[in-house]
């Protein structure tokens, strides 16, 4: 409900195009539909260019199906994150065109082509175990209209595995750096490249990793400027933010 | 020491332009000068377009003066962050052209004009007490070549104070959102605008604010996608990262 | 054992209505019955107007059945919270009039009508996943004699979904605001309405949500005055406290 | 900016009482005045019946004076919390009618009488050291129009010191319970009275008190239903919330 | 290996009763037998009057059986704590005289009568869910030679349920107070009685109980002097320490 | 207000010795005197054999003086803990018989001789820096009527410094073990002696000592049974609890 | 890619032994092979004398098999840590020469004999439950070419069980000390021997053990100099570091 | 008091060289002298080759002077750590040969030459602010008989500043890596060199550095094997442990 919309509405009232009750209705019902357990933002794609995104964890399969069904009728692209495989199996019976990205745990229904941005996003992990989070980031970015370069298992314990990939990374516009344990990879890449870096701590590790807290703290206190951080294991958030930057 | 530099060097050896000992020297001494207590990256500006930046906290005035002196001779722009006023007073006797941004605690010596990017960065705070962190972000961004729009004291407890500033914010390319206490401002702005948002938790508050931890956690777990986070009170980091994005 | 009761007792002794041994017995046995593993407060309803409430988690089904059985004989209303469905199934064989509120995990046996207060309580959640906690709050409040207005999935990431519900909320006397992740909803509503607000952090979220700690801290440090907080996921406590306020 | 205000404005436009530009202005400038470093909510008292309240900690004396000066012209009651004595001394030269509550650290300028609610608020502390927080709560409640009964040093280590005050407490409509260390007082009072209780943990104590965390956790996990909690040392928040409840 | 033993040994050498090699052997092999995975203190009962106690959690059934077997041959009383029921079932086939205390999770084999101390130990819990920890404390104390008075579900939310049990508690020599959630019971009893009190926080509760941390902190910071604390859920430790005090 | 007192009172009413109003007064005013900011338990010594104890930290010198003055008139022994030297200097002008234990930070006014228990209490520290906490424990125990044996700087890094003191320790009835850093001394002594041990973690140490948390956790999880723990730096609490045990 | 290698390469170019493209290839492909999900450091053994080590937790059986297969072809010794038994069962079908150390959870394929160092490493545990971590340390050290002396269940609660093993420990060159709960064993051994000590906290214990945090903090703050610490339960890290020291 | 000492003592008794009382005295008084507030280990240098080391923090100047005085008479080398400059000024009046290492805060009195080990120890810091901790490590190692190579300000944000120092580092036998903030330097060096590495987290940094916790956690969870960790800011501990390893 920005100032332009509001001014238009006021002008419509003044000119008699809309009466007051009607205007009140417009204002109230403007941007969402209420399913009782969820309020769907039906205009988000118009405003943002992005499809509506459903966080599936903590929702029942019935709830997700109802939300997808409503969105499907509107002809929107749909993306569901943190969806377990069983949820996809149940959902896909109703939406046969749905695609499941298993490692990323993402369900997608694409109705309209999204043209990718001209430059790519680099998705880099420290270890093999970080790949599921990386895939969530990469698939999110791809569905939002970006090409992605994946560089996995390039942690600092063998820094030569990273160094020769630098030319490839430097051709990208944004980098997502994903690491668990001590999360040092974000600082090292931050000292070697010049692009915006989004760091994702993962819950990989044991003992004093504390489910990702150590990596999170390390990334927040990184000595390399230009690094910003998202929540532990939040591949989606990193992919989404990187896409916003890449589409500037 | 990227692949192109290395290839050039190797070609120079092969062609006889450089001998091996000389090449070894070049490789070793390439990018910094050792002052004993500090190693100054003399080529950073060439590579990154940004001036060298000195984190003054934890350094003695003598150390800062020596670093500034070295950089000054090279003709670089200089920025010193987290500098207490007494340090500036001592420093400015040797560098009369130095400027002090008191609230931001930044010392700057500008040798070369930096042309600002075409779009601005919005710096928004929840409260009056967050202004010092905001000024650190804003002055950093300005010295790195950006126009900044400041919107201070727009916290969610009186959300109308924020709403009418939205048109101004939406004209910017990146937003820095700065808040202490419960840090809700980042989520609220994240739900209202479409640009990349860098959230800065501040140590403002008492009791269960825990020196900024509450705001930090709130920003990391923000329900609004597209928000990335920097360290508590890290205005510099936010201004630097925003500048990188704004200059893409 | 309040002062009035005591004075009456003393007067009864003085007047000879009661002898000392009898008075001692009255004082000792006054307010509860000892089942060995539990001491039931048989007079609570008289004093407070509320039915006795049993926290079922951590009790065996046998223990809950014994407590219900004892209370049932007294003709009290009974409410059991945090009861898993299997416990209800076992219990309902002995108390066929028992009702189970599945999402709220509450078992209720109503013996006497409770007349609802004149004004309603608003129960508002940020997301769909917060609904179980909301239902615990709502059902608790209803069983204690309140009308409840439910507004679910109104989080700040799409603040327009909240704004048009404000007139409805403002007609209530108390609001319960339930949110996980960064818990910003409590601050936003606290800045928009004038009634007492009870905030309930939920354990919804992942990573730096830390099982509800982030939302808890955010709510405790809320910049909006007039917000008080209960324990993580404590829908019952919020419903109970809201009912106390609504029945003033 | 509630629905009623908006509807009136729209009707004014339709009827020609206001033109669109003017309406836009009204909407934009509606509820605050921008001092640059602070945005003052000039209509809050009209809407809420409460004076505007300034949190002085983290503001400079100049900022507080400017805010007070602006509000003073509007004829509002003014309350400044967390104000050190030196700030009051500087402020009182410009506002000779200002009153300072030393233990509560509150500055007040009363322009209009506030008629107290019919019932009182009980403010109870566990120890002598909790008195400053208690005074902040009590003075806040009094300035907002409530009578307050103070019961100090009634901690559970000598529970008889509490029991004989129960009749007095029970006559109040709301109780504020303030305790540091293990915070047990909130649970004990919660088990003895029937009114809404707002618990305030204080940072009193040492070692494993952890600056009030122990008391905070104890109050949040209180076994007594009906207890809600505010931030550590947040006497103001407790007084404000209690006043809202007492004025229902 | 105390000074008396050593002096005796030295005298034996001097008098020729023992030669040096033999003395060395005595000293080395003195107090334990090495089973490879465990070193059993075979003389503990002689020195302390208490049976050897085996902490079964983290040991395999085979390891426990081997330790029991060794001790059994020596004719010692045996106590195994934290033993799951399946371990008892396996063990009891080899030691048919073994007894299992189900709620306490203790296996006991009694070879010699232990005469109880003249005064009893009071074991008091705040709630029904604390009973397993209480039983571990009570059974430990009983096996170590103490009479125990059990008072369960006497939490501060209904303080009258505690008050009438005070005469019984006051007849004991030591009290063990067991509570989860906010652990206030320890402070309240500490303010009402004069005996040594050992407080046991339990992991009962949810949310901000943090698995017993809240109760632990509350007990450590108790405003009632004379309260000492053991580890969360450490019923055994409380029973053991209470027994030491009761047998002084 | 125990059952015996109550029964006597009831009998007095029945026999006409007291009328109801008088009895109510007795019950209400029974055990304390209200100074406004503090409620003094005037009968504690009668009930407990111990002098009243004032925790001076967080109280003003005026408050402490008023409390001492009141108690002084009653002829009680007085002990004030956590008293800074300046407070003593101010206090001693009014109570010239007051004694100050500088390292222990205790003020004492002894009116009546306290006969020491037959056996002593051992107070043992790991390091020299733990001595102030040890003195608080030792002086508390002495003023409450105990002989104390002090063994300082006997930490486990040089375990032979402890071993030869064992005979002396074993002659005591209770041991207080005081250690900062990793707090291992409690476990080591707990494995060598048979008496009740009260462990006091101190805030001595740096880095990961976290102000005593490491020692606290180590003592709570001690592998030696029979160890109970008090709050960090709580020498008073340890001395008080040890005295209770020693006087059994 | 150390300076010697680089110099050789540069000389090869100058002398014409290698051309520039070939040199670039050598530099880029030097030390690893990319399997897509993992980058294997094929030259590590040459450089370090140690076999390549695979951390199996968080990898799928297919991934581990592919890595083993690649390494197997190169003729390297292979060690896989944190491998569950099912993974070994699946793996051993492809590599029949693979050996499984069950308690240590290590898979090993030995192609070349590793000659052990002249002195042994002592691996000491406080309890029986620490044995799995100890075995991970011991087997790691053995596979890396060290003799190991195992001393299990020698905790400080019965310090005599440790003392008589000191001569054996003192013959070793390095000691690994493994303990959960309060971790005091590291301090005690650190005070008794003169060799480098690597302390491993384990997650053994309950309540305030907090999954090994208490032992970790105790070991970090150990009053005995010469103790260094690895991550909780990190037997591998301790064995690896001890081997490095033992092979100096 | 090892087995050899004991055997000798026993033989002396048997042979009549010593009588029992004398032997008891020897055993008791063996290794320390009791100054009342401190027990000095007079034989440590004989046994360990290292001078006695006094931790000065938390001791009064008088205590330190008395300890130094005692040791001085014995002719021992003396080292005092964490000594503020004022303490040195006071001490040096009594011991004019005392030397003060200002950045390291170490006082040293050298009586006997210590011959350095054949290989050096590398002390590397990430930043300029880490130098005081590094100096504590370096001076400790030097006083204990080691040559030290200092490499300061070589953090990962400019990794080329580290790479060219690798040949120098690789010539050392042990490396001490010192870093605050995110502590990534330990992992990076751990991946580049083959020697034992002792990591020292420093309290340098702000916000989410949490006084060194972030660096500590990062170092404990380092993906590079062979890294062990000491307490935050514990330069002494690192220097001491490195010296032990270097002198193997």
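Order of writing sets the chain letters: A, B, C, D, E, F, G and H. Residues in each chain are counted from 1.
Going forward, contacts are C-beta pairs under 8 Å (C-beta built on N, C-alpha and C of every residue); 3 or more make two chains touch, one makes a residue touch a chain.
Computed from a prediction, not measured in an experiment: that's the story for all the values here.
Using the contact threshold fixed earlier, the set of chains in contact with both subunit B and subunit F is C, D, G, H. Taking shared numbers over all numbers used, the subunit A to subunit H interface scores over half, which places it in the same class.
Centroid distances built from C-alpha atoms place G farthest away from subunit D. Relative to subunit E, the most remote chain by averaged C-alpha coordinates is B.
Between D-F and B-G, more C-beta contact pairs are found at D-F.
Interface repeat of B-C: among C-D, A-H or D-F, the matching pair is A-H, sharing over half of the residue-numbered contact pairs. Centroid to centroid, with C-alpha atoms defining each point, subunit F and subunit G lie 49 Å apart.
Per-chain CA centroids place subunit A at a distance of 38 Å from subunit G.
For the pair subunit B and subunit E, the distance between C-alpha centroids works out to 59 Å. The residues of subunit E that reach two or more other chains are 3, 27-28, 127, 158, 164, 207-209, 216, 220-221, 225, 231-232, listed in rising order.
Contacting chain pairs in the structure are A-B, A-C, A-D, A-G, A-H, B-C, B-D, B-G, B-H, C-D, C-E, C-F, D-E, D-F, E-F, E-G, E-H, F-G, F-H, G-H.
Of all residues in subunit F, only 127-129, 131, 152-154, 158, 160-161, 163-164, 204, 206-209 touch subunit H in the complex they form.
Here subunit B touches subunit C in the complex through residues 126-127, 155-159, 181-184, 187-188, 190-192, 205, 207-210, 213-215, 217-225, going by the rule given at the top. Residue ranges of subunit A in contact with subunit B, taken from their complex: 2-4, 47-48, 53, 164, 166-167, 170, 173, 194-196, 198, 216, 220-221, 225-232, 236-238, 240-241, 244-245, 248. Listed in rising order, the residues of subunit B touching subunit G in the complex are 3, 6-7, 10-11, 13-14, 19-20, 23-24, 27-28. Interface of subunit C with subunit E (complex): residues 1, 27-32, 36-39, 41, 44, 57-59, 63, 201, 203, 211-212, 216, 231-234.
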